[in-house]
Amino acid sequence: MTTFVELLVNGISIGAVYALIALGFVVIFKATEVVNFAHASLLLAGGYLIARLWPLVGFWAALLIGVAAAALVAAAIEFLVIRRANVASHSVLAIVTIGVDIVITTELTRQIGTDVLAMGDPWGSQVVRFGGVTLAETRIVALVTAAALITAFLLAFKYTGWGVAMRAAAEDAETAALMGVRLGRVSMSAWAVAGGLAAVAALFLCVFPTPGLDRSTSLVALKAFPAAILGGLDSTTGALVGGLIIGVTESMMSGYQNDMAFLGRGIGDVAPFLVMLVILLIRPAGLFGTKELARV
Amino acid sequence: MTTAYQPDGMEPLEVRDVTVRFAGLTALDAVSFTVAPGTVHAVIGPNGAGKSTCFNVLSGVYKATSGSVRFGDAELTTLRPHRIAALGVARTFQNIALSPRLPVHDNLMLGRHRLTSSGFVSAGLRLPNARREQRRHTARVAEIAEFVGLTGKLAFPVGLLPYGVQKRVELARALCMEPRLLLLDEPVAGMNSGERQEMAELILSVRDSLGISIVLVEHDMGMVMRLADRVTVLDFGRRIADGTPAEVQADPAVIGAYLGTEGT
Amino acid sequence: MYRYLAWTGLTAVLFLVPFYLDGFWLQTGLFAMSAAIGAIGINLLTGATGQLSMGHAFFLAVGAYAYVFFSAEPTARLGGLGLPTGLAAVLAVVVAGVAGGLFSPIAGRLKGAYLGIATFALIFGGQHVLFNAEHLTGGFNGRAVPELDLFGFSFGDTPELIVLQVPFGTLERLWFLGLALVALSMVFARGVLKGRPGRAMNTIRDHEIAAGVMGVPVARYRAGVFVLSSMYGGLAGVLLALVFQRTVPEYFGVLLSLDYLAMIVIGGLGSVGGAVLGALFVSLLPQLLTKYSDSIPLVAAPGTPGGVSPAEAARILYGAAVVTVVLFLPGGLLGLIRKIRLRPPRLRLPLSSPSPETRSPHVP
Amino acid sequence: MSPDRKAAVVIAALALAVSACASDKATGGAAPATATGGDGVKTGAGVTETTITLSLLTDLTGPYASLGKSVTQAQQMYFEQLNTAGGICGRTIETVVRDHGYDVQKAMAAYAEVAPRTAAIPQFIGSPMVTALKEKITADKILTLPNAWATSLLGSDAIQVTGTTYDVDMINAVDFLTKEKGLKPGDKIGHLYFEGDYGESALNGSKFASQKVGLELVEQKIKATDQDMTAQATAFKKAGVNAILVSVGPRQAASLVGVALASGLDVPFVGSNSAYSPLLLETPAAPALLKDYYVATAGAPISAPLPVYEKLIKDYEAKFPGQPLDSGVASGYTQAVIIGDTLKAACAAKDLSREGIIKAHRTQTAWDGGFGGTPQDFSVYDKPASLSTYIVKPDKAAIGGSVIFKEHAISDLAKEYQVPPPA
Amino acid sequence: MADLAVSDLVVGYGPVRALRGVSMRVPSGSIVAVLGANGAGKSTLLRAISGTLRFHRGGCQGVVTLGGQRLTGLDAASVVGRGVVQVPEGRRVFARMTVEENLRAGGLGRTRRDYATAHDQVTELFPVLKERARQRAGLLSGGEQQMLAIGRALMAGPTTLLLDEPTLGLAPLTAARITETIKEINSLGTSVLLVEQNVAMALSLASHAYVLEVGEVVLEGTAAELRESDEVRRRYLGIGDAVEGALETRTLSRWS
């Protein structure tokens, strides 16, 4: 039972981090209808800067700069590439983000070289115990931060002018423009927010129990894809639920892999994708996604 | 050929109590009408009255929430679009739905899809039957293109042609399906009076030479009065009138709803 | 006439390659040929039908492993059927198609990003199976690939074969097989694209609803193209296995799938020639950069400090190529070549239907 | 294409093909020719009158980039020193480096490119790559030293796995745990391992040892892309293991040890030689690694008091200031010295052909080179060259981040162990 | 005075011409109607004024000015900033947002004080919007949605309001109510450019009207003149429309 609770709590906390990534992914999709495969490189960019800067300026300042820089990179992608790509096919836009991702990730991994970069976070390897359940402090911070950021995001989405403009643009871009919403700013800010969220996620993916950031970190962002899809690409709620489902599935499948040895070991990595397939079979637009219905 | 083609399939289209709801909005509310074989039947009404929804139900693009559409022996509401097409129901789109980069000929050949059978293997290997089929249908496509007045434009990519011509390509593509029932969604929208005239002639020619039923959604009242044998008037998803053009024109409900209350 | 000469010259050069170039070039060329076949397949799916797939590598894996399994003699550790190798190759392609068909409940119903990410599952699930079904796949280290033997002619190093004083080993022999397969793949795909299926596919891409209304069974067609594209992937996998002489699961990962998408975008979406050009570009670039890293500025030979390594340079270049093509060369390399050859410019229109009111995708 | 066009194509092709007689390839034979130079030394591919070409097939951009970089730099440094000292048989050593990024296809392409001009391969990273090329390497008779220690690499006379294999290390590790860490029959032992050759080789060893000792083995398999070992640590804790073997990458090892310790799973850990990197001591994982983590490795750590290492450290720090002196430097250097010694032996036998190099290599039955450990026997190639393993412990102060904890020894268990026959 | 003027406007979507040399004028404070059938180019005209042609991949030549200043070339948001605000055809309220949020979306560019003033005005004009403030806009009735769409546009504080078929699909009573409101808005000083198919309603409101056909202005005049025009009666009511010569029919053989 303790094991179960431990795995569950751990899954939720890592799921919350996935949710941060998936949320950014969904926000970009809502604002610009682009499936952003460059999300992994945003994550890496933010994490890299935090890791490189904290010895110079201290952790908190480095975190701020890292988040800001990832936001800036994301906004630049929107401004320099997405806005200028005059193609209506979403598949092509998705592929162009793959190109962007390759360029940025290759350059960053070149910079990272062979290092394992510590994030300089203040939590270290402390753990907290509740009854028999132990949980890393970083995970609690991750959970709290993710919850706070997601709440803040949803509140901003609901109540601020920016949020109203975002939602209006997502629902009907042309009408939003007719109401004076500056679509360029809206989509750029959506990318920036997503970049910032990815940088925060990068921090939590690279602190204890992982030893630090290295060239393989961006691969983790791949797990946010099934999270975003199974929730529904255009649903913020979906990103949250999807992130949690992926986190918990992964944690459970890894933790109980001995009891499921018949599936082959190492099923923990595959399980999120299988869960995604099953959900898509039943609901082709994800759990909370809007079903498309074309007008003719 | 998978579908038996019956050129003189004189079958009525019966629409009975069709209701369509989207997320709380009732787009069609128990609409009924019958299209007699070999006639031109117009469905009119103000924008947003449910005409397009009606067409989308007839062609299987939308599912009716309730009600039935019978074409001959077939119940259309349960069928998917390609099954309805296989029964010989063809339609055009109000907003042109052609492949802009393909030449006119290829767009028309798509209309032959249901009448042809070559699949991946025979097309890929260019088997003799695929080539024979291609030849035979190319000839018919040329015939239809001539009928519609597109000869000489067959090799042009559709996207480069003027709007009025694209509309005719739409009609030609529907004719290429050798339809038994033709649904025309605002065939003259955006045309000048010359083009309108020409299109009206085309539509009558189709009815007269093929003897098929034509359902027409149209705004241009003049056009409707000239072409239609019978008119159904929709407003707010409800049928408010049904009759000959003259009857409908005189119906106060129609004048009130469709034309606005005059002289306020 | 100009065209004719160009084709003649190209064919002659291609026939001559094995007589002059060494193993490295032949191997590189054969990888490019395998990539070309795979790219044609995914261009049918993504380019011509508008279905995004990120799982193409999976079908290459299926083709490669199925060939090995069917053709290998069983041993205590590894299963095999020991079928004639030619038959095994054909069956491998069929099995890849069946694998695509099994995915049809997904492939037929989903589109766009949803399909793209769903096909990721094929890669991860597929690699999981490749690693774990050791009896079939040899696990992590993969399996040795039996040499192809067609009608008594062996595509291996033995028996020794000398043509015009040039020794013909595995690579030289496979070179001609590869050329033939690429040519056949191109011809077949052209036929499909120009014929009835191609029109239906293009209409599904341009206007799905119109396709349905015109009598095209959209879901079935989507699934069908997916199967066809899988079979192309399978054939590419078989050729790859023959060149590799070993199949290894690691290779068939996400990166390979992304490479294929890059190929068709760089080469030109929706056309056979574009797929081949893109495949050549993406598979030759890193090899050329490595080979000539000494003489290219800014690129450092591997192992020397400073500069960008050839592998990195190649990745950055090809990532940049994808972006550049989308931003500045809407027709891809093929479009560029057409322009250079001063042919009447093909129509450049947005990929979507131009009708304005179809943009809003949501329920009214 | 019309028939006459076809004909034209065929004619053109044939006409040009006939001129292929002028091609370099028109040698008429497949095997690289051997020749005897003016100095009476027999030479083959990769060896000219003035040079000997060695190829380093490494990973500089993939998951093992940090290993690849260290190994490559150490080896290049050694061969430069060798050249300064006069080279081999009056010939200078030339190194060709090819980066395959841990991608089998790229490795094959790189091999195909360099093989025709290569005399030997002192570094080949990645067991999947070497396995994939095993038959070709054997047929080409190029002496190859893989930087991988899986048992599947044994069995080819052209391929020399140096030191022990992973399974032997793990057997010696279990022996160490029973003798010094109080592990006893009936206890449970965990093993975290990578999917693939490395992990599975190691698992063979732990299976053998735990069965012999009477331990219950708890397996956890992961992929190289997994980063966070919380679930695995939780599973080990749930199973109640008394010690854990670790055959994964350094990152995963650090994560596991960190989580386990933090969550109160206070047991000894022993890692394979690839499961540790001194870089980790710069990360928050350091305290956990310093506590009760050991590494079983055939090669002595670079901090061992050996003259050859002292020189290596001095030279390497001078040439590559600030670069980590990790196990890759030590193992790469060792392998370079092995190749150097082999070439010297081949030179003495006046045969620098590929066969000559392999023959010279295989005559060394007790190679030591001053690197510590038991002498290695290169005359057999179906078993590991050595069975003795050091137990090494991370140490922040030490050069290379680790010190010898227990001197090298061959456990009785390891002596009993039969290496599984190569597939 | 800030007159809205359109001169020689040519608009194309790719090779398709939608407007060919349209010129018209909306004097400050007036109501001007544009009449025409579906596809005549009415919506295109409004798009060209509002700067939303790019959403439809259209391009234009010619000039639109407001009080002498060019609007052509500005993006949609800047046109709104100049005080020209459009109520789109089919209302297009943000269905998934509440009524209040819809109003907010209309007044995003304004200061807090201006916003409050505008909000008071709009809720005074349409009290129902206050009652339904927290309801999702998609659940409103058609008439209420139209009020919301107009209210939302008014939140931006327009000097010129562009109305695209405001009574479309509305019941006569509701349509009449909307008509009254338009009058009221106009009486407060806002110019109105009204695009309508409902000729009677449009001509009752407007002082001046233009008739578009296939992208060209074919008729123009005061409302009174057009009301009496046979041409308008024929075109829109189908009355007195004799068949223009016998329709020529061709034959297509049946296919077997």
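Brief remarks on what is shown
Each chain carries a letter (A, B, C, D and E) given by its place in the written order, and its residues are counted from 1.
Quick note on the criterion: a residue touches a chain if its C-beta (ideal position, glycine included) is under 8 Å from a C-beta of that chain, and two chains touch if they have at least 3 such contacts.
Keep in mind it's a predicted model, so treat the numbers as computed, not measured.
Touch-path distance (fewest steps) from chain D to chain E is 2. Ranking all chains by how far their C-alpha centres lie from the centre of chain D, first place goes to E. Taking the mean of C-alpha positions as each chain's centre, the chain lying farthest from the centre of chain C is E.
If you average the Cα atoms of chain C and of chain D, the two centres end up 33 Å apart.
Separating the CA-averaged centres of chain A and chain E is a span of 42 Å. Note on chain placement: the centre of chain B and the centre of chain D lie 72 Å apart, centres being C-alpha means. Shared interface positions of chain E, i.e. residues touching 2 or more other chains, are given as 14, 16, 55.
Taken residue by residue, chain A touches two or more other chains at 109-110, 171-172, 174, 265-266, 269, 293, 295-296, whereas all remaining positions touch fewer.
Among the residues of chain D, those in touch with two or more other chains are 61, 195.
Residue ranges of chain C in contact with chain A, taken from their complex: 46, 50-52, 105-106, 109-110, 112-114, 116-118, 120-121, 124-125, 128-129, 131-133, 208-210, 254, 258, 261-262, 265, 269, 308-309, 312, 315-316, 318-323, 326-327, 330, 350-352, 357-364. Residues 1, 5, 8-9, 12-13, 16-18, 20-21, 23-30, 56, 58, 60-61, 72-73, 76, 95, 97-99, 101-106, 108-110, 112-113, 115-116, 127-128, 131-133, 135-136, 152, 195-197, 200, 423 of chain D are the ones touching chain C in the complex.
Against chain A, in their complex, chain E makes its touches with residues 50-52, 55, 75-77, 80-81, 85-86, 88, 92, 94-97, 101, 104-106, 108-109, 152-153, 156. Taken together, the chain B residues at the contact with chain E in this complex read 5, 7, 23-25, 46-49, 100, 140, 143-144, 147, 159-163, 166, 175, 178, 186, 189-193, 197, 200-202, 204-206, 208-210, 219-222, 224-226, 236, 249, 256-257, 259-264. Here chain E touches chain B in the complex through residues 14-18, 37-41, 89-90, 138-139, 142, 165, 167-169, 171-172, 175-176, 179, 197-201, 204, 213-214, 234-239, 241, 243-244, 247-256, going by the rule given at the top.
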